[in-house]
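Following this line, the structures themselves.
In the two complexes below, chain A is the common chain; its partner is chain B in one and chain C in the other.
And then the complex of A and B:
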């Protein structure tokens, strides 16, 4: 059984179509890059999987469940923008995750935070943008979920922080879980991906393994992306 | 080991080539234990599935073997190192000759060039 199965998803904003007859199946144990230019529907797809947006048509099954309370128990979602108020402290965010998610492993989170030398007493507002993003990722990856949805996890951080983020993803996902991550930094993530999904104007343009792409096209995913989406 | 990857071929094949080189040069000694898939994947910053695939292929080719609980080891049979060296040597020579042919040199000319180059180095 596929871990994620979507069929015929349609999502419109007014007369703008964000997803159009979008179908995809994703198995367990894969790291998948969701790639596409700005406005192609990546975030809409991710938000549909975690139940923040409701498509007008189509079905979604995650681990066999419809999107709702049961699916949310196994989905760990990192939104594009960090969402904690700048007034709360790092420790409060841990408490928050512990309260909300039964699968949150505080020990893992504490260990990663100490590696990063993030002080539990710091206020979120005092952290740099990069540190805030790292904290958010630490929280999301410290859940023992089955699906990790990471929307632009490396948005505004430096290359060293990107390495940390990739390492965190590699260390923390297990064989029965899958990670979906959307990004524009293809060359940075290519080595860690099993498969890539290209989304073009709300449609699935390509879903292939990185090995296949390199074997068939004799080029990297980054190069192929630039060709497929040339302006 | 330095893990640097190029664009044109699958990453698992590049990992296989790097490990072959290490075995051929003896840097990975016969019988030596390899780190776990996860450790190697983290070190190379690649997907664990990719690393797994590379190691499984090398196992299939008889260059590595696993013991159920103890882990993965470099094969100990005699001649493996020599065989690998030969394989890599052939690969390098073929690649080199192909490039030289594209530049318009015949094999004889290449040999002459190599001798001249070698002579220069000695002077």
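And then the complex of A and C:
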């Protein structure tokens, strides 16, 4: 059974179509890059999976469940923006995740935070943008979820932080889970991806494993992306 | 999960409101001190002036804190469910009903609390907690019943008022756009508020008119004024008749408030369930 199954998704913003008859099946145990140019529908697709956008048509099933309370229990989502109030402290964010997510592993989070030298007493407002992003990633990846949805996790962080983010993703997801990662920084993530999904104007343009692309097309994902989405 | 949400919402809001209540209490204490000094030394001009000034500030702070609490809880609702923090709240394994319910419950409690704190501060600032008007009202059974109904109406109106603001925000933020150019969601919320307010006013007019017709008969039929006058002439005093009339109006507004609040609550939860669009 597919971990994620989407059929005929349609999402419009006014007269602009963000997703058009979008169907995809994603198995478990994969790290999948959701790739496409700006406005192609990557974020819309991810938001639809986690339930903060409602598509006009189509169905979504995650681990066999429709998007709702039960699916949210197994989905760990990292949005492209900071979502904690600047007035709260780092410790409060850990308490919050522990309270609401039964699969949150506080020990893992504490270990990663100490590695990053993030003080639990610090207020979110006092952290730099990059540190806030790392904190959110730590919280999201400290859950033992089945699906990790990471929307632009490396946008706006330095190369050293990108390596930390990739390492965190690789070391924290379990074999029966899948990670969906949307990004523009293809060359950075290519080495960790199992599959790639290209989205072009709201439609599925390609869904292949990275090995297949290398074997059949004799190209890197980055090169293929530049060819498919050439302006 | 609702309990956890209530705990979280209370914790976040109380951090801000505690500071506000502390400032209000401080102003009340200052007012009380100056009033005490003025009573002790009525000839000292500075105490008379300072007492008047401090009392004015104290009364103003009570009003500002009441209005400010409503503004704060509404702003918190917007920030926590419809702006960036919504990305966290709407991905929690809880239902929109619980999210909305928790905000409504905690918001209502904080508005009640601001009234209670305001009453205490007003008392401290004026060095008295007993008011003769209130005692007079509570002596008379009919007046006591009317007073009780007014208190109940106030208790019901607070969540209705919050429902109006919350629901307008939800409607504004889930409004379906038919153009690619996004319209400001807050402006749409204001528009939604005006529409819901007008609908409520129309319902209130119909409700009160219906009550009037039930009570005095059709005003378009002949002899209407005689019917109104005859009620006062049936051996029942006009004052008692007026009290009964006011109580009737309070019951009508209470019923309408409950109905409107329930409709707005259901509409908001439906929108959050079916048409949530965090852009």
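The rule is simple: the second predicted complex is superposed on the first by the 231 of 231 C-alpha atoms of A that agree within 3 Å, B and C clash if a C-alpha of one lies under 4 Å from a C-alpha of the other, contacts with A are read in each partner's own complex, and residues count from 1 in each chain.
Methods note: a residue touches a chain if its C-beta (ideal position, glycine included) is under 8 Å from a C-beta of that chain, and two chains touch if they have at least 3 such contacts.
Because the structure is predicted, anything quoted here is derived from the model rather than measured.
Peer 1: Once the two structures are overlaid on chain A, check if chain B and chain C clash or fit side by side.
Peer 2: Aligned on chain A, chain C fits beside chain B.
Peer 1: Quick one: name whichever of chain B and chain C touches more residues of chain A.
Peer 2: Between chain B and chain C, C touches the greater number of residues in chain A.
Peer 1: Does chain B (first) or chain C (second) touch A:208, or do both, or does neither?
Peer 2: Neither partner.
Peer 1: Looking at A:123, would you say it contacts chain B, chain C, both, or neither? Reply first, second, both or neither.
Peer 2: neither
Peer 1: Considering only touches as defined above, state whether A:61 meets chain B (first), chain C (second), both or neither.
Peer 2: A:61 contacts neither chain B nor chain C.
Peer 1: Would you sort A:52 into first (chain B), second (chain C), both or neither based on which partner it touches?
Peer 2: second
Peer 1: Looking at the overlay, does A:144 come into contact with chain B only (first), chain C only (second), both, or neither?
Peer 2: Touch status of A:144: no partner.
Peer 1: Applying the touch criterion given at the start, work out whether A:218 contacts chain B, chain C, both or neither, answering first, second, both or neither.
Peer 2: A:218 sits against chain B, while chain C stays out of touch.
Peer 1: Using only C-alpha atoms, work out how near chain B sits to chain C after the chain A superposition, in angstrom.
Peer 2: Minimum over all C-alpha pairs of chain B and chain C: 27 Å.
Peer 1: For chain A, which residues count as touching chain B in their complex?
Peer 2: 29-31, 163, 166-167, 170-171, 191-194, 210-211, 214-215, 218-220, 222-223
Peer 1: Within their complex, state which residues of chain B touch chain A.
Peer 2: That would be residues 5, 7-12, 38, 41-42, 44-50, 53 of chain B.
Peer 1: So in the complex, which bits of chain A are touching chain C?
Peer 2: Interface residues on chain A, with respect to chain C: 13-16, 47, 50-54, 68-70, 72-73, 75, 77, 79, 81-85, 87-88, 96, 99-101.
Peer 1: Where on chain C does chain A make contact in their complex?
Peer 2: Where chain C meets chain A, its residues are 1, 4, 7-8, 12, 15, 79, 84-88, 90-95, 177-182, 274-279.
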